[in-house]
Amino acid sequence: MVSSSIRQFDGSSEKKTKYNVFELSKREIMEITVDTFLITFEEKIDFSPGQFCMVDVNDFGLTRKPFTLGSDAEGRIMISVKIVGAGTEYIVKTQNKLNILAPLGRGFLPPNKNGAIIVAPSCLAEGLELSRYFDVPLFVASRTNLNDDIVQHYGLNYIIGDYDYIYLLEKLKFSNFEWFFVSGSKKMEEITTKHLSAEGIKEVFVSLNEYMACGIGACKGCAVETTSGIKHVCQDGPVFRGDEIWR
Amino acid sequence: MEMKKSGNKLNLRTPIVIASGPGGFGEYFEIPTIDWALVGAYTLKTVTLNRKIGNKPPRIYAKDGYVINRIGLENPGFEGFKALMEERGLEEVISHVPVILSVGGDTFDEYVELTRLLKPYLNRFIAIEYNFSCPNVQHGGLSIVSDKNEWRRLLQVVRKETDSFIIAKLGIEGGFIEQMAEVAASEGWNGVTVINTIRGLMIDGENRVVLGGLSGPNLFPIALRAVYEVRKRLPDIYIIASGGVYTPDDAKLMIEFGADAVSIGSALFKNESVLNEIGKSLQGIQNT
Amino acid sequence: MEMKKSGNKLNLRTPIVIASGPGGFGEYFEIPTIDWALVGAYTLKTVTLNRKIGNKPPRIYAKDGYVINRIGLENPGFEGFKALMEERGLEEVISHVPVILSVGGDTFDEYVELTRLLKPYLNRFIAIEYNFSCPNVQHGGLSIVSDKNEWRRLLQVVRKETDSFIIAKLGIEGGFIEQMAEVAASEGWNGVTVINTIRGLMIDGENRVVLGGLSGPNLFPIALRAVYEVRKRLPDIYIIASGGVYTPDDAKLMIEFGADAVSIGSALFKNESVLNEIGKSLQGIQNT
Amino acid sequence: MVSSSIRQFDGSSEKKTKYNVFELSKREIMEITVDTFLITFEEKIDFSPGQFCMVDVNDFGLTRKPFTLGSDAEGRIMISVKIVGAGTEYIVKTQNKLNILAPLGRGFLPPNKNGAIIVAPSCLAEGLELSRYFDVPLFVASRTNLNDDIVQHYGLNYIIGDYDYIYLLEKLKFSNFEWFFVSGSKKMEEITTKHLSAEGIKEVFVSLNEYMACGIGACKGCAVETTSGIKHVCQDGPVFRGDEIWR
């Protein structure tokens, strides 16, 4: 196989994980927002924070669908899913077991400094994982209200709306955080990267969204243009330094 | 790896082949649930003379029964591929499953030069598939088949260069596929892969225009017809059916209407377990 | 019926056209809910020199996003068509909606002879569409385009025979459609209709094999791409987009990517109200 | 338009009907068998017995779907529908109005002699219509049990199973019926035609099933081979003499 190129940012995990196929049974679903859900499964899977899985959506999509991984305190797999189309609706609603391929991509190993995690509700599972694993604060940036139960259950720090998000960034850059990890929409990741790097904070890491077909580096579909040429999100990512992508 | 070849038969253990492109350079070998004894052959991603970095994103999208892709033949080129062959990964694949090499080119000369450069390595592969559906700079973005005389000359030159089992991968655009298959057969080629992707235009979820090749379920009735038409005219050619095969029934229909082997491409993206399923269902069908 | 023609423009009242075949010889005119002021033109079923009784049943079937048909060009032939033109029915259609005549043939000579015979009647039609995707006996069931020299000669002869607005209806098989469009344009043809059905094979509900042409939604991304490719090369040719148009959005995309008018075929089978819907949504788009 | 060819069998209706499009609201659904239903609509439409309609099935089919027409005592439109796929399932289950094109094809005018109607449950609406309109006996030939309510409500004569069907035909040919009208599956129509004509009963009329796309004679899709060449079920039929089709 074409060997994956070397990771660009410092401190990243170079661990090469073995993929496997799992059948997951739903254990619990919590509403995060009106269209986004945190799903906990019965099963435990070994993975590194930042990695993702591809979920077979049966007749509701021609490709498996990518979701970043998280786990509960006991190590049970969790994913958070925003319903945006037929596949995500299936994942949230079905009573069937879910067939997944995991763990995919490279884990994220943050710099050994103070940092913070910012996620959209759709990436809450990943955010919770990173926050717990590396013991760094988590901020949730949502467009719509968060469900009270989940806020209480996880003691979430959150803001709602674009205006408050910019305000949050303003506040954070005066804190003593030296790196940030952002996972959400492309727009949110771009704005955050640009906003913070304009303030001199270069170590902004983003978990990229590109259309994925295979998830394992075979199809070359998930290409992204970086400052050092074409990279593949499923192999070289999904986490990249923001300033590799946007200037 | 035993490699029986007799005339236009590949003698695969099962008549199921991983398609060039979706299968990359063996990456699926890392998924431990695939039963390789059920896979007849693994076709590698098309290799070109020079390295290609591929197209700018977006490169792939799926909806409404089809996948569209404009990967742009990203591949390491001959030199990179040579290095790859020396890596443990590809060796391991080749030692466990018969491998078909896929080659492509922008021009007549590139195909020929690549064929010559590859000569010392061809014995590792049970067959060489020539992808004649690459966009071709000399023909304004169309493939080499758009000049039928030049294409026939190319078939002749390649046939002279190698005694490998050579397969022409043909699309339904650029000519009538059964006529193109007749040309390949008449130049002594052993097989044809029908069909390749069909050019399409899609607007993706972010409202971007994607100009690419269509694959997936929607191709099935078209590919099935192409197999039927080619087989009707050429009883002896080896046919690999490619296009929209997702189920054992799809695969069986392809074989019923004339295919010797069936290629699985986009279905891998849904779930690679399709290889085991189809492989199992076709196990009875021998000597292909 | 006013009939403005300027260069390669048809000046339809709306850029929406009923496709040849699905629309028959005007039968939809009997459905009173269609607002004919919203329909730009009605293309008649392809007429051939001699009467054709068509293929044996089964002739049509639909599933999974496509319709397959093997009508076999059933039509009354030139003589029958002449009689038809004298009937009240067709006259009434012609007096209410601009009509495009579609002609087809099995051989070079048939196309030419039919063109000559039709000459006295051509002024009733705003355009003549030549269906170059008919199965052709001389080319082993393939269409006249499979011999490119003969086809070019045919384009030349027809162009000399008539000063009507002539349109070549092209499929994506048998050649690269943009190259075929370039040939038609270079021979002075006014327009092209892209695309026609694509050959497919389907097993129907009674387990019968249906070898026919695919139409319907699955064609859309392919037809859209073809329109785009033809327009990219030929800024001035009149383009009628055909293939899988079912909604106002489909129609608008076709126009956005280069079509002058959009053809509605299989969608009529779902519900002819699609004409009103698309017609209304395109009403703004003038002078096509 | 190409004028429809002349009707082959005596006594047929030559009335040329005007088509129209209607939106039908469901009034009542009765179960005929476990998979077949009699649907009565609120609306009344002028049609001749033997004619059919084409029903738009929304996203559940690329063509409208053909069903023979019937009406209740007050003239409200009725169709009977056997669920065989997505379109028929939609028709039976939807709460939406149904968009139909009707009346299509030619009506059936029986010979002026004693005759009888035999229908499968899927064609009950048509059978009831013909039986009432021409005052002739109706027999229902089913594979599975008929619902008691509908049997009682319409006082249906019925038999169940292939064996009993042959037995019924045996009985009927010794009655004084000089013609039969049969509407059901192709197989049932063929068997009946052959069985009865072997006994010298030539006037067996069948309502044919061919795949329909337009329903109005435009597409030439519904061709059928007859002793007098290709005919089109939607224009020349749907009713034909059985011995025009099968010998």
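By written order: A, B, C and D. Residues from 1 in each chain.
Keep in mind that, in the parts below, a contact is a pair of C-beta atoms (placed from the backbone, for glycine too) under 8 Å apart; a residue touches a chain by one contact, two chains touch by 3 or more.
For clarity, every value in this text was computed on a predicted model and none was experimentally measured.
The greatest centre-to-centre distance from chain C, using averaged C-alpha positions, is reached by A. Note: centroid distance chain C to chain D, computed from Cα atoms, is 35 Å. Chain geometry summary: the mean Cα position of chain B and that of chain D are 50 Å apart.
With centres set at the average Cα position, the gap from chain A to chain D is 59 Å. Residue positions of chain B touching 2 or more other chains: 65-66, 217. Contacts with at least two other chains are made by no residue of chain D.
Because contacts link the chains only in sequence, without closing, their graph is best described as a line. The full set of touching chain pairs reads A-B, B-C, C-D. Interface residues of chain B facing chain A in the complex, by the touch rule stated above, are 21-33, 45, 53-63, 65-67, 69, 71, 74, 76, 80, 84, 87, 89-90, 204-205, 216-217, 266, 268-273.
Against chain C, the residues of chain B that register as touching in their complex are 64-66, 68, 142, 146, 172-179, 198-203, 211, 214, 217-218, 221-222, 224-226, 228-229, 253, 257. Per the touch definition, chain A reaches chain B in the complex via residues 1-3, 18-21, 56, 61-64, 85, 99, 101, 210-211, 213-214, 216-225, 229-230.
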